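Presented below are the structures under discussion, each in the form of structure tokens.
Shared between the two complexes below is subunit A, which pairs with subunit B and subunit C, respectively.
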Partner chain A sequence: MKLRPDIVGISLILVLAPFWLPLVHGYEALGTRVLVLGLAAMSLNFLLGFTGVLSFGHAAYFGLGAYGCGFALKYLAPSTPLAILCGMLLGTIAGALLGALIVRRRGVYFAMVTIAFGQVFYFIAFRWNTLTGGDDGLRGFSRQPIDLGFTTINIADNLTALYYFVLVCFAIAVGLMGLLLRSPFGRTLLAIRENERRARFLGLPIEQHIWLSFVISCAFMSMAGALYALLNNFADPKGLHYTQSGDFVIMAVLGGMRSFWGPLLGAAVFVVLQDSLSSMTTNWQSWIGVMFVIVVLFFPRGLLGFLRRKSQA
Partner chain B sequence: MVQSGNRGIIRRRRVLQVGAGIGALQFASPFIIQARGEQSVKIGMIDPLTGAYAAVARSEVEGAKLALDQVNAKGGILGRKVELLVEDSANDVGIGVQKARKLIEGSGANFIFGDVNSAIALAVAQVTAEKKVLHIVTGGHSDAVTGTDCHWNVFRVCNSTVMDGNAIAGVLMSKFGKKWYFLTPDYAYGHSVQAALVKQLEAAGGKWQGSLTPIGTPDYSALLIKAKAYKPDVIVNVMGGGDQVNSIKQYVQFGLAKQIPMGGTLFEYESVAALPDDARSGWWTYEWYWNQPKTPHVADFVAEVKKRTNQVATARHWFGYVGVHTVALVSNQEKTLEAPKLAKALEGFKLPPEVALTPNPAIYRAGDHQLMSDVFVGQAHPKKAGGDPNDFFEVTDVVPGEKAAGPVAGCVLKYPA
Partner chain C sequence: MDTQLILFNGFNGLIVGAFYVLMALGLSLILNLSGVINFAHGGFLAVGGYLAYTLTPYIGFWPSLLVAPTLTAILGVVIERTMVRRLYGRDPLYSLLLTFGLAFIFEDMTRAIWGAQGVPFAPPEYLSQPISLDLFFVTYYRLFMMAVVFIAVLALFMFLRYTRIGVRIRAGTLDLETVSALGVNVRALRTLNFAVGIFLAGLAGVLAGGNLSLEPTMGANVLMPSFVAIIVGGVGSLPGTLVGGLLIGVAAGLTSVWFPSASEAVIYVIMAVVLLVRPRGLMGEEGVMT
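For the complex of A and B:
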């Protein structure tokens, strides 16, 4: 098998992050946050960039993953892998049920319905005080060390260990997404994205494919949400809000939604800008907005598309 | 593997680019090391400078800066200069937690302040407890902060929702009567304030009805008609933010203000100031009020805030101000920056009058680390002809903090071994 230079490069950057981050005024929690939000943006992009439908309510599944993870740690058992699994289950089941109702809509109607369903979960989390903690958020749980049998990885106190744990989860998720996209199923999704009518005339079951893509996207999204809950030891209703969905869309478009790694770059730029600009000015959101507008106007393929074209020129 | 010539060129360029990048890093790193070498004491303040709470958060930061300059003018903390590092939490728990780690691990903050948003305050408290950093919650009102989710290292300056509820309950009952109608926002904050008020009311033998309203309700006409039909002695409005402003405006527009009095808990100065003059009405609590002619040092504080920001000093300025003075006073008294020792020393710590700025003494309670400070109960009113244009409120009762707070509830403090 040939080694792909982009994968090797990104792996090296990510694996060595704890060593070079302090040199550029970074810290591990920031790196972990980039990974988690990058995974979320890439999951959204599975649907947006590779199936061609825009979900504006994906924060709901992100938040459900976070709450599912928190519930499992708080009420079920103190086990981190179980918690991630529970978070993914909650988000995926919700995605599968609602996806079945949504997939027949297209374009702006698809986006509107996803927002509406997303807000349903937001208000449930916001108002069900006894279960979710309401506006104060779900707390009183904490990530647990991982017992591998022969050794324990202390992700509870050691942030470097947490970073590598999240990186492993990220790698598994991204690897699976990459494999899926290279499979005949993935090619079919591209065909639907390029020309839905033609794909339909070829006899492809469009709705089933979009539904499956939606569910896969929700599964990885809720995994990102579960990891986010572990990172913060907290789940809050704002993680389900449509503004959070908007942030994910911005990350995907900023980095380049037609490329596999684009959303990761978008998330990195977004998170780092958010972190550094907001320490300097309270108007940091306008700067991110300006950057978003510039990217959309002048680099329609996103930052990664722009960099690629430059290196090929 | 055969490489085409074209690829080779790209590679060479990449090498040059990476080299230049590494070179640039060499310029960056000495500054970082220099910053670490400075021996200033750092206070990290996390507040939602953008979003719904931006106005009140900025007031807290201004108050903290004022206290910072005063502390530095008197020699700082342990003879070291004090620095205030302000970070925006953007009203988002994830960002707030990340900023807490940035301040503690990246900048080496000795103290953490914040946040206005209770959820962020609770989440950041978990980080500060883990990192053993003294944490002052300046402006998050949820009961959980000094209740079920209290921590050994967390102290709160602003009141809990229960304190505000208890303070106004007695005043409303004695002034108007024991038949109440509630307008309550349907989420955690509203529920807990209503529960506190109902407990007081029922203990005194009163009766009540109420409506739970969704957040962001624009039209209160139906609710106000229902309220009027119940013929209550007082309408209790525990809405927050824009909902509070809207519901009061409509209450005044419908002419109800002349028939049934309205009361409630918090009505922050920032919100009242934003109202049109004729909508300033009702009975409310303030956690601190600027117009205290008989309390020493208050006038100086108000003048200083006015000079710096051209604004009237509000409770939020006072929170930030009290927070900075608290950590400076206790550190200089104990001659240490170690959080467990400082936390122990703060239990039962009494603020000096020039910091407390209240008629009765303000003390951090040992049982739950809540500051016991006076609650100002009174009536909002339009600007008075010939009066101070910034005076919208007449304080009628000052309820001492211990009386408002009641016994410690739900908090078990666990110090690290």
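For the complex of A and C:
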């Protein structure tokens, strides 16, 4: 296999992040957040950019991953891998069930139904105080060191170790998504995106493909959610709210949803922007809103799409 | 079970349902003709309520009932002309994101102008009396609200049924290209339609402010149920939206009699059941907007 320059470049940037982040006044927790939210945005983009289906309720699966991870650590067993697995199971099962309900809808209708269904989980988390901690979120669990048999990686206290742990998870997930997209299955998704009617005339089972893409997207989304819960030692009902879904969509669009790495770039820009805006002004929400408007009106192809176009011109 | 309690919650549900109807009808109008899911609709609702609050000391309650929604509608026209219009015909993703961002700005701006704390917006004293001691929850104001919603809905349906512009809006919902080819100015039609939708949101804001109090987040809270109302009733059908709004309002109200903490979730259960049994919604037609 040929070495692809983009993959080599991104790998280098990410692997070396703990060394160069302090130089630009960054910190490791911020880098870890970019990775986690970047994974979330890339998972959403699997559906949005590569299947052409607009889900505006993906925060639900992100949040379910976080809660599943928290429940496992709090009530089941103190094991980090088990917790991630539980988070992924919860989010994926929910995605598979709801996906089956909505897979026949398209466009605006699909978006509305996904938004509305996403809110169910928000209200459950918000109201079921005894289990979820309600408005305060789920607390009382903490990430556990990883036992590899011959050695233990202490991700509980060492933030650099945590960063590399998240990076490994990120690399596995993103690698799997990349492989899936290069497979015949992924090519079929692209065909559906480009022209659904033609794909249907070719005899492809469209609904099955969209459903499967939805479930895969939810699986990686809930993995990101689980990692987010580990990062914060906390699961937040706001992570389930539809405004969070909107944040994920804008990350994907901001970076460029037609490119594989775009959402990661979008997440990085978004996280850094949010981090610095919220420390500067109390009206940071407005500025995020203004960013939405500017991206939609002036950079609908995202940063990568914009740069690519400029280099061609 | 106490009948009064059931009546109380059922009536509350009906009031809430009436709000959903006003919100959802406006959303539906814009969605049907322009294919835009207006996330900022809740923001317009809040603006309508706060404008009435500011105007009432100067012009009185009754005039502000009409003036505040009209001003809100004008704001809507400005936003439609400058921003939303550019996105017609594009992937619905973009108008969704635009209005989503606008909703953030609206909420933040209302907070900056009128404060994060809720402000009381009292309707005239004679309207806040209950009609009887047994039915203490049935105040004249609430009856008045129901009447206003009824009149607004009736007026909307008459407008769409009997006026030339209304007929064009309905025709445009079915086939905009043909309507345009017949010489109708589709751009102006969409702007007007947007204004009508926002007017309804502003009106709902004024009424809601008198019922509870004004808060910057008040619009965002009714937005999701309004989406559910549209989906339950059937995307593309205004009568469906009406039925859907009342249905989920009353259902949520009655649920709070027996199982208060599930009153928000129950509307989503209804939506799931409807989508399972009748995917196009109660009164939706197959093939429209799906």
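Going forward, the second predicted complex is superposed on the first by the 309 of 313 C-alpha atoms of A that agree within 3 Å, B and C clash if a C-alpha of one lies under 4 Å from a C-alpha of the other, contacts with A are read in each partner's own complex, and residues count from 1 in each chain.
What we mean here is this: a residue touches a chain if its C-beta (ideal position, glycine included) is under 8 Å from a C-beta of that chain, and two chains touch if they have at least 3 such contacts.
Computed from a predicted model, the values in this text were never measured in an experiment.
> Go through the superposed model and pick first if A:127 touches only subunit B, second if only subunit C, both, or neither.
So A:127 meets both subunit B and subunit C here.
> In the superposed arrangement, does A:234 touch subunit B (first), subunit C (second), both or neither?
Touch status of A:234: first partner only.
> So in the superposed three-chain picture, is A:258 touching just subunit B, just subunit C, both, or none of them (first/second/both/neither)?
neither
> Just checking: does A:300 make contact with subunit B only, subunit C only, both, or neither of them? Give me first, second, both or neither.
second
> Can A:137 be said to touch subunit B (first), subunit C (second), both, or neither?
After superposition on chain A, A:137 lies in contact with subunit B alone.
> For A:23, decide between first (touching subunit B), second (touching subunit C), both and neither.
In the superposition, A:23 touches subunit B alone.
> Applying the touch criterion given at the start, work out whether A:285 contacts subunit B, subunit C, both or neither, answering first, second, both or neither.
both
> Output check: A:74 vs subunit B and subunit C. Expected answer is one of first, second, both, neither. What do you get?
Neither partner.
> According to the stated criteria, A:308 is in contact with first (subunit B), second (subunit C), both, or neither; which is it?
In the superposition, A:308 contacts neither subunit B nor subunit C.
> Which parts of subunit A are touched by subunit B and by subunit C alike?
The overlap between the subunit B and subunit C interfaces on subunit A comprises residues 126-127, 285.
> Using the touch definition up top, name the residues of subunit A that touch subunit B in the complex.
Within the complex, subunit A contacts subunit B at residues 23-25, 27-30, 33, 126-127, 129, 133-137, 139-140, 142, 157, 159, 228, 231-234, 236, 238-239, 274-275, 278-279, 282, 284-285, 311.
> Enumerate the contact residues on subunit A facing subunit C in the complex.
Against subunit C, the touching part of subunit A is residues 48, 54, 56, 101-102, 104-109, 111-113, 115-117, 119-120, 123-124, 126-128, 242, 246, 249-250, 253, 283, 285-286, 288-293, 295-297, 300.
> Can you name the residues of subunit B that touch subunit A in the complex?
Touching subunit A: residues 10, 25, 28-29, 32, 49-50, 54, 87-88, 90-95, 97-99, 101-102, 105-106, 118-119, 122-123, 126, 130, 142, 144, 149, 186-189, 191, 215 of subunit B.
> Show me the residue ranges of subunit C that touch subunit A in the complex, using the header's touch definition.
31, 35, 37, 39, 83, 86-87, 90-98, 100-105, 107-109, 112, 224, 227-228, 230-231, 235, 261-262, 264-265, 268, 271-272, 275-276, 279, 289-290
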